[in-house]
Amino acid sequence: MIQPIGDRVLVQPTEKEEQTAGGIVLPGTVKEKPQEGRVVAVGAGIFRDGHRVQPEVKVGNQVLFAKFSGTEVKVDGQDMLILHESDLLAILN
Amino acid sequence: MIQPIGDRVLVQPTEKEEQTAGGIVLPGTVKEKPQEGRVVAVGAGIFRDGHRVQPEVKVGNQVLFAKFSGTEVKVDGQDMLILHESDLLAILN
Amino acid sequence: MIQPIGDRVLVQPTEKEEQTAGGIVLPGTVKEKPQEGRVVAVGAGIFRDGHRVQPEVKVGNQVLFAKFSGTEVKVDGQDMLILHESDLLAILN
Amino acid sequence: MIQPIGDRVLVQPTEKEEQTAGGIVLPGTVKEKPQEGRVVAVGAGIFRDGHRVQPEVKVGNQVLFAKFSGTEVKVDGQDMLILHESDLLAILN
Amino acid sequence: MIQPIGDRVLVQPTEKEEQTAGGIVLPGTVKEKPQEGRVVAVGAGIFRDGHRVQPEVKVGNQVLFAKFSGTEVKVDGQDMLILHESDLLAILN
Amino acid sequence: MIQPIGDRVLVQPTEKEEQTAGGIVLPGTVKEKPQEGRVVAVGAGIFRDGHRVQPEVKVGNQVLFAKFSGTEVKVDGQDMLILHESDLLAILN
Amino acid sequence: MIQPIGDRVLVQPTEKEEQTAGGIVLPGTVKEKPQEGRVVAVGAGIFRDGHRVQPEVKVGNQVLFAKFSGTEVKVDGQDMLILHESDLLAILN
């Protein structure tokens, strides 16, 4: 398994880019078009003002994140991304 | 539904750009011309000096924000923007 | 009405650029020539070191601010500017 | 009168650039040649680490400041400069 | 032996780049393709907000790190890298 | 007399650049060749984390400082430099 | 003698670049090839979060540091370097 370091999270990008579970459609303009995926693992957070601040997201959350961000890895044959929490835009309930 | 992360807010841009509810007319010079919209969801805020500082705006506020800022998403067929709080200029009472 | 967000202020620029109420004449060199205007609304300030630090200026203050700064808006037909407090140079008593 | 905002100070530049009251001669190399002037008004200072830190200089101090810094204004016909405290190099006793 | 300074860690890169112990396959796009290696020594951490914050990783951890980061050294004939903790992406359990 | 402001110090550069009192010879490569001089006056220091942090150097110290740093002034016919403490490299005992 | 200021250290570079005391061989690729040397003097450290944080290294430590960093000085005929602590990579036991 992969344990992201610091404020990073491991996300499995969702294939279907048009219609998403939460009724979110990602408009066609490639540049701003955020991507969607499921959170697979979450880092312990980074140290700020004397506390280790944990990321807001939890394992299992469906999230929107900025296109072209993160580093690609393959885990057990699955394409995944290691992202900073700051790359994440929103949680899709 | 979408839950913005950190200091982000979800805003639905208002179509009519000339006359607005609060009597605000956005002058024609495209560069500085701020946009107007309604706050649909607000993030939990970011950690600063040991506190999670919540954004000033509330759901339902009509706000002015810098043109060309934010990331486009479509929610249930509606065009929306995910903005940082720092992109927001003012609340229109 | 407009409620500026964070450390922003709403200012109505004063037309007469040569002689001003406080005997301030703004020299001709366009680049440095600061502008003058009246404070119409003041933001709640931004969070720093655990406190929300309010802007120094009050509604009604006549202020000097850096030329070409801020974002233009029209309020009830009046040209106004949304400025950061850091754009403001001085209060004219 | 002008009340500078934040860490700014209002300075009236001294005309005679060669020999100054404190025996300071500003060498000819235009770039580094600092200017001299008298402090006319001082801002309340800026907020840092929970305190409003007041500028070190007082009204009446003769000061040296970096050439080409600050914003020009005319007060009652007098050429003046609004400078940040960080533009000031030294106080001339 | 080498004792990294501050937030640095000493890592011995792992040769086999395709299949890794934790089933992690590093995709072919050279730019993002992170590298893998074993942590050999860990710095004492750097001072932040009054504490010396220790790196999250321990000696013996298998880690993923950004390609082309760090400084090369040879220790007892072995190629090694001195990296900042911020170059490390994840721990492979 | 000149009282430097903030973290600045007033230094009188030493003429003889080859052999110095402390047996320090400044190698010929002009770029890195630091200069030497005597501290004539020291600022009160700047505010950091709630304290005014005084410069380490004292009046009378012989110091090494980075070439081409600081601002030139003449005091009672003497060439002097106003430097930031961060320009100072070492004290020569 | 030289007393480095702030977070600086005085290092005497070690001549023999191939094999070093700790069995460290510095690979040939000039860019990343760190240098080795002995710590001759250590600064008092810099002020951070209300404390003066001392450098980790001690006089007599053999250290690795980034190539081309620091300022050259000659002390009693010996070539030495004044480095920031952040230029130091590791201590060689």
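Descriptive notes on the structure:
Lettered A, B, C, D, E, F and G in written order, each chain numbered from 1.
Assume a contact is a pair of C-beta atoms (placed from the backbone, for glycine too) under 8 Å apart; a residue touches a chain by one contact, two chains touch by 3 or more.
None of these values were measured; they are calculated from a predicted model.
Between chain C and chain F, the least number of touch steps comes to 2.
Taking each chain's centre as the mean of its C-alpha atoms, chain C lies 51 Å from chain G. Between the CA-based centres of chain F and chain G the separation comes to 23 Å, rounded to the whole angstrom. Our note on geometry: chain A versus chain C, Cα centroid distance of 41 Å, whole angstroms. The multi-chain contact residues of chain G, meaning those touching 2 or more other chains, are 48-50.
Taken as a graph of touching chains, this assembly is arranged as a ring, one closed cycle with exactly two partners per chain.
Traced around the ring of touching chains, beginning at chain F and stepping first to chain G, the chains run F, G, E, A, B, C, D.
Residues 22-27, 29, 32-34, 48-51, 53, 56-57, 63-64, 66, 85-86, 88-93 of chain E are the ones that touch chain A when the two sit in their complex. The touching residues of chain F, counted against chain D in their complex, run 1-6, 8, 10, 41, 44, 47-50, 71-77, 79, 82.
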